[in-house]
Amino acid sequence: MSLEPIAFGVLSVVLVASALAVVLTKNLFHSVLWLALALTGTAGIFLTLDAEFLAAVQLLLYAGGVVTIAVFAIVVTERLVGDRITQTSRQLTNGFVIAAAVLVGVLSFVLRAPQSGPRPPIAEDLTRAIGESVLTRYVLPFELLALLFLAALLGAIYFARPDD
Amino acid sequence: MSTMPLLSIITWMPFIGAVLIIFGARHNPFLVRLISVVTTGISLVLSLRIYWLYDQQAAGYQFYEELPLVPPLGITYQLGVDGMSLLMVLLTSIIIFAGVWASWTVKERSQEFYALLLILVTGVYGVFVSLDLFVLFLFYEIAVLPMYLLIGIWGSSGEVRPQGIFAWAFRRTGVGTKEYAAMKLTLYLLFGSAFILVGILALYVSADSSSFSLLELEQVRFAPWLQSWVFLAFYVGFGILAGIWPLHTWSPDGHASAPTAVSMLHAGVLMKLGAYGVVRLGMGLLPDGTHQWMWLVGTIACINIVYGALSAMAQTDLKYVIAYSSVSHMGVVMLGAATLTESGLNGSVFQMFAHGIMTGLFFALVGLVYEKAHSREIFRMGGFGKMMPGIATAFTIGGLSSLGLPATAGFVAEFLTFLGAWQSRFSWWLFPGVIGAFFTSIYVLRVTKQIFWGPPAADPHFHGLPDAQGPEWAALVILVFTLVLFGVAPGLAIDPVDTATVPLLTRLGVMP
Amino acid sequence: MTALSLELGVLVLMLVVFVGGLFGRRDDTRRVGVISAVGLVALFYWSLHLGPGASFWGGAFVQDELALFAKRLFLVATVLGILGSLTLRAPVFARRATEYYLIMLASLLGMLALASARDLILLFVAFELMSIPLYALAGFQKREGEAVEAALKFFLVGTVSSALIAYGLSFIYGVTRTTQIAGIGAALASGSPLLILGLVITLGGLGFKIAAFPFHMWVPDTYEAANAPFVAWLSVAPKAAGFIVIFRLYLEGVGERVVLWVPIATGLAALTIVAGNLMAIPQQNIKRLLAYSGVAHIGYMLVGLAAVSANGVAMMLFYLVAYLFGNMGAFLVVEAVSQAEGSDNINAYRGLAQRSPVLALAMLLFLLSLGGIPFVAGFWAKLYVFWAAAEKGLYLLVLVGAVLTVVALFYYLLVAKRMYIDAPARNTPVPVPPLLALAILICGLGVVVMGVYPKPFVLTAFRVAATIF
Amino acid sequence: MTVDPGTLAAIALLLPAASFLLLAVAYPLRRSGRVAGLVSILGAAGALAAALGAWARQTPEGMTRIAYEWIPQEAGSLATVGVLADADSTIMLVLVALVSLLVQVYSLGYLDAEPRPALGRYYTYQSLFAFSMMGVVLAPGFLQLFVFWELVGLCSYLLIGYWYERPEAARAAVKAFWITKAGDMGLLIGIVLLWYRAGTFDYLEIYDLVRAGQLSVAGLGLVTFCLYLGAMGKSAQFPLHVWLPDAMEGPTPVSALIHAATMVTAGVYLLRRTIWLFALTPDVLHLIGWIGAFTALLAAVLACVQSDIKRVLAYSTVSQLGYMMSAMGAGFAAAGFLHLLTHGVFKALLFLGAGAAIHATGTNDIYRMGGLRRALPQTHIVFVVGTLSLAGIPLFGGFYSKEEILGAVWSGRLVWPFWMLVVAAFLTAFYMFRVVFIAFWGERRADSHGGPHGHGGGHLHDAPAVMSVPLWILAVLSVGIGIYFVRHHGEPEFTAPGWLTPLAVGVAVGGIVLAWLTYQARVVSADDLARAFAPIRRAAQARFWLDDLFEGLYRGALLGLSRLVGWVDRYIVDGLVNMFSAWTLMWGDRLRRIQSGLPQDYVYGLAVGLLLLLIWVQWPR
Amino acid sequence: MPTSMPLQAYLVLAAVLFAIGLFGVVTRRNTIGILLGIELMLNSVNINLVAFARFAGDTAGLVFTVFTISITVAEVALGLALVILIFRVRRTVVADHLDLLQG
């Protein structure tokens, strides 16, 4: 008897609840906070999967980075509009139907899949393995990722700067 | 036998002319015409030459040329003519040569006009001489497309009042204008080509011989179910071009809107191209399909004959009369083919030729009348026989040929078809054919009487009109001469044609 | 490292552009575009000397025939796109040329890497490297509400589709337990539902990239608002890349099970052809018209995919090349007319044949090529894909495609009608900047040469496709 | 040097062809008018000479056949053209050549006021006609017969419409063409059907088959009936006779040649050539006999009420054709053929005579002529000769042949037709002398002076020599034939009852007497006569409503149907096409609306597409 | 209660999050809200990847996750810049107002 199923259950509830809150909350700012919670919850899920490094990355890069940028964007737009943005939703029924349909579609495959085996033991240091493969086998994607950042930032800066 | 690639020269000469016109004859209308006459003239002379050189004893495909285009797919630039295509090449040459003369007076944007016309002709030649289905299809498309611009730019608009239960649709499509007619014609024919394409691909794939060559596909015995639907596909595809009922409605609008030379070429040659396709591809490659569907082909042909004639009778616009008469006469062509008899098939091919010439003549004349009188309204004109005896005489001869008067080519064609019809499995086909011929005499003579050989029109606008002049005579003389020559001496055409139809019928199992 | 030379070359070029942008006049840095074009031409020339065979990182990156073919195609498309872009009138394209070309080159680099990717991670990263710059380029005229709106739409839908791809890839990875694409074939034999799920979800994402119906909806808006030379490039290169990914994921080394994709591809192809062509009919804006017609063309390419055979792939590749010249050419002409008339409405083409006969002829050729008329490239392209489909007995699909070609010709001919039949509003010729003329000329030559003598292109396509199966 | 009759006949055939070709091609020659006439006359004269030579060399049983391949086919030739010269065809050839020549000469005078190009056109047509008619006569088989049959129809059309600027002429021309064409369609079908049974078009070959009994008789009736339809149209048998009276709109020489002497007898000639075939189907023969007799009677009645001299003659021609046909129907072709020949001579004479009168007076109306006996003595004499011939008075041309026909019909046991023919004979004499008495003997009318031909101006005079010489030749021939037959009775194929001759002469004289009493002596009032036969008279004046029937069929049924078909084609058949294109346009417009412009709707597109894929990939199949 | 959760549980969780994200994308009016939905969708990908990697005993999935997270960040950066830009140009961030281009 391990704690893992319990942790998974609790985290799942938190995750789903916070995700729902993200898409349903009126206040955009609160939405972002709920998203932060959801991302943190995901980090927790990673921990139940023995991926500590990724949990850290998730917290730092994702929860940290994304949420920060989002908040920044909200602040900027709110400042420009000079008012608090309350956001509403449109076509809730349609959205629910389509999302549910996609969910059913995906689950119809997932649940038909054969049961997976037990988790294999993890022998080595995962963080090290990740680091090594990034610098060897996945060096090209890694380099490209850098370029991707460059391009994205170039674009972002170009868009965001108020001149010309 | 000559070692020159005669067929290629015939086919591409007009194209060369078109290129020369585009790049070498800017703002020089006379040079444009000169180039057109010379290049089509060369094609005509060479057509006569291959007609002369064709060895009727040996029969089969001659003047063979080959150049692999896409070897992995078995696409080969492969040319050759047999007795049937020989005649069609000759027809094309005569019509376009006359057409160039007949449209001598096109003034507006003549450079583009002649260039497009000549490109079109290359397509027509190509279809008749190519032995590779793919290349044939390629030329087929070329023969269709320039039509859009030719009609759209140099055509003439009419007026059709939308009524009936489809009035809303007419209002939406803008019926009556030349743009409408051009678009309808082009799209309808390309719609047909979609079926042809599917049929060709199906044959190629099923034959398993990695070749589009007619010669090789002829050796293959396709599965009956395949033959059945591919034949239908060919029938619909080529049939549209041949103007089979009820897929013919592009033809009256298109022909009525088109400028003279284009109507001549289109009604005179392109519609034959459809019938040629049904005979060459449909019947030639698919014996079982042919036998299976001939009842349909013949019956629809009968409808064509009578229906076309009645529709022609109802028209008040001269060009529409001629256009519907083409629908009727193409019925004779298809009927002859459907009989699956030697005389019927010979009659069919002969009718292709005869109708080509006669309808070319008609459209040339209508063009001339329009040019002089600026009217196509039959019942407004009258008594032109006195003012333009030449045009009137030529029109009468064309009309007589159209109603199947002996000593013109039309008679032999119709008569052979009738013989075949009675011999065929459905002997009653004879009667619609004969009735159609009778109806033809009614509408042709009615029109002739009204416009030419009747009392003069009241409208002073129609007084003192000139007769045909200069180059226009050339067109008329060539066509009338051909019409009568082949009517008096049908052997000129039937001798070579017979060398092609007999093997075809043998393959179909109806002749030993 | 010759196998990586193209990617490295583009990287170097990016550096040169970056540095070049730092010097000289601040308000006109367009020469970096010239540098890029020249550099890419050199790279293209170099690529002709490259042979297939190299493989790196355990097969994650391969330089096979398909990759080389695709890379050459990307290079040509990009050169043409840059040539067109250099003539853009808006000042922002001169002032911000460095950014513009840098971003464009980054995207190109993504495509080049994508063409060789045989590894899911590389594939995804390269795919994103290709895609993200496109959003920036689409909204490059950032003062224009429409351009920005289009960019945002493009971005939103694009990101969702990226999510789909990533989601799908995660399943593929989960079942094959490796990021090697080669694992798919083996895993597919077991018929795992998760793998099929993954592949289908990924296909949904890729459907966005190639703009198949109903994933196409970003296309018309983006095409209408963005500048024409960029759209010309956008309409060809990323779509070609999308198809390369499809080949890699769905066909390469899959073997017998490949028939699984026949119904999907058939359905997508038929839907796309019908919807694309029908929706193009009522368009009054030439760019929207070409956008929808482009959607229809994707449908035709999918006909080749539906054949799931080497022939089908070969014919798609041929189609891509024909489409490159035809579609880019058309958009470049659109740019020329747009510069002269200030309008993308098809009525701007009235009487073009009398104002600028050569330009009109070029446009006519491009349209005819798109419409599938003999002696221009598109004819062979359409015939070939139909042939490939017919070979597998998909006659009904071929018939649908062929019949809808007629509808396509309807709206192409409507443009032709305006150019040739209608009278011009004014008689001054349309001025065409030399570089744009050069690009149009290249496209025109491509269309005609492929139409008249398709043999070498077809043979190449066959050779390339043979390596996939 | 001996030339066989076949070659001579062929020469006769080709000479007019040559002159036609020359006139047709040589444009300036044709435009020159009289010179063109001379060319044509030269051709006709040569043809007559050759025809006479052929006739002279022709033995009663001899037969010469020349044939060339015309339509080839794999197994030998499908059809041949050539010449079949035998006793019948050569004598007919002589008739054709003779009348052609005389008419052409006559026309020089009759049409001298015509503009030159028009005259050239006239002679071109005349040459073509001579050629075509000879082709019919000499045809060795059905196909060639049909070819030339149609060509003579064409010439008829062209020449009726010669004065095409007159609406009546233009209308009559097409009417003639259409109605004969309707019959010709029957002929065509008959030929096709016969060919299917016999495998050939050649008379002799079919004859051999018939004699050998190899031609199946079952269903042959349809074939012969169809063949007869052709004859019915051309030879103006009821109910297709309506075109012939209208055909009088053509110049009078044309009426004489085509619509009296030659072309209209082609139907009779066809039956004469193929009577052995018709003999196999007695029912059809009976029908022919009945229709012939009925036509004879009907037309005679119609002729009685006409006031246009040419129309009287036209109905008379119809009536006489009925005679010939009923002889054919009785199975005795020789009798009908004999009447054909004699009728050809005297009816040409009558028409040309009437033409001379018309030429002089400028009117066709007998009531506006009057008293021409003194003004045109020559014309009067020849016309009376023709009339007596037609009435069947002994020593004149028509007497013997007419009596032969009556005998033949009696022998053929066609009792009712026989009596119809007798009544018709009475009426014939009556209406012809009605014309003679009114136009030639009666009071001279004040207003009958000078016609449009420029010879008027107060006093009338006989026609110039070019017109009168042909008249005299024909008159002499009429009498000559009559006298010839008095001395040379041919062997009849049947034995006529002895009372026949008195009966025939009696009714003829009766008719003449009645006409004299009514129109000359005025003992019997014409009005009383009219009142006595009021219903018939009214019906006859309305032409028994037959023309109205045809007109109604044409305008109401045919043109109405064509308008319906034209409407259906434009608005239903083409409407469907337009509907499909309109639908396409409409769907394009509708489909476009899903492109709402809202970013999230595009995401919907993505999601829906994904769903579709998910469903489609696991769709059971 | 099992000793450890099976793979399916993670996949289902991811699928649910993916669907919620999609729901957010199609229902939120504010473009930033839409972006948050996309984040949720991408986040579920990560759960999938990590779970698969764990059950395969493989590190590639983890590397993949690193890449997806990074790319997501880049995308969000660009996206939010775009949102700011559009706000500046069009004075709105409501997606429903962005319908200049349609048809």
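Just so it is clear, A, B, C, D and E label the chains in written order, and each chain counts residues from 1 on its own.
Heads up, the rule we're going with is that a contact is a pair of C-beta atoms (placed from the backbone, for glycine too) under 8 Å apart; a residue touches a chain by one contact, two chains touch by 3 or more.
As the structure is a computational prediction, the values presented were derived from the model and not from experiment.
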(request) Work out which chains are contact partners of both subunit D and subunit E. (result) A, C
(request) Identify the chains in contact with subunit A as well as subunit C, in label order. (result) D, E
(request) Farthest from subunit C by Cα centre, which chain is it? Let me know. (result) D
(request) Name the two chains that are joined by the greatest number of C-beta pairs in contact. (result) A-E
(request) Tell me which chain's centre, taken as the mean of its C-alpha atoms, is farthest from subunit B. (result) A
(message) Measuring centre to centre with CA averages, how many angstrom lie between subunit C and subunit E?
(response) 27
(request) Would you kindly tell me how far, in whole Å, the mean C-alpha position of subunit C lies from that of subunit B? (result) 42
(request) Provide the C-alpha centroid distance between subunit B and subunit D, rounded to the nearest whole angstrom. (result) 36
(request) Go ahead and note the Å separation of the Cα centroids belonging to subunit C and subunit D. (result) 77
(message) Going by the contact rule already set, what residues in subunit E reach two or more other chains?
(response) 7, 11, 18, 21-22, 25-27, 31, 34-35, 51, 53, 55-56, 60, 63, 67, 71, 74-75, 78, 82-83, 85, 95-96, 98, 100-103
(message) Which positions in subunit C are in touch with at least two other chains?
(response) 121, 124-125, 128, 132, 135-136, 139, 142, 152-153, 156, 160, 194, 196-197, 201, 220-221, 282-283, 410
(message) Multi-chain contacts only, two chains or more: what residues does subunit B have there?
(response) 187
(request) Can you identify all of the chain pairs that touch? (result) A-C, A-D, A-E, B-C, B-D, C-D, C-E, D-E
(message) For the complex, give me every residue of subunit A touching subunit C.
(response) 106, 109-110, 112-114, 136-141, 144-145, 147-148, 150-152, 154-156, 158-159, 164
(request) Within their complex, state which residues of subunit D touch subunit A. (result) 600, 604, 607-608, 610-611, 614-615, 618
(request) Please name which positions on subunit A make contact with subunit E in the complex. (result) 1-2, 4-6, 8, 12, 15-16, 19-20, 22-23, 28, 31-32, 35, 38-39, 42, 45-46, 48-51, 53-54, 57-58, 61-62, 65-66, 69-70, 72-74, 76-77, 80-81, 85, 87-92, 94-96, 98-100, 102-103, 106-107, 110-111, 113, 115-122, 126, 129-130, 133-134, 138, 141, 145, 148-149, 152-153, 155-157, 159-160, 162
(message) Please output the residues of subunit E touching subunit D within their complex, sorted ascending.
(response) 22, 25-27, 31, 34, 95-96, 98-103
(request) Mind listing the subunit B positions that touch subunit D in their complex? (result) 160, 163-170, 172-173, 175, 184, 187-188, 245-246, 249-250, 252-253, 307, 310-315, 342-343, 346, 383, 385-386, 389, 400, 403, 405-407, 411-412, 415-416, 418-419, 422-423, 430-431, 434-435, 437-439, 441-443, 445-446, 449, 453-456, 490-491, 494-495, 498, 502, 511
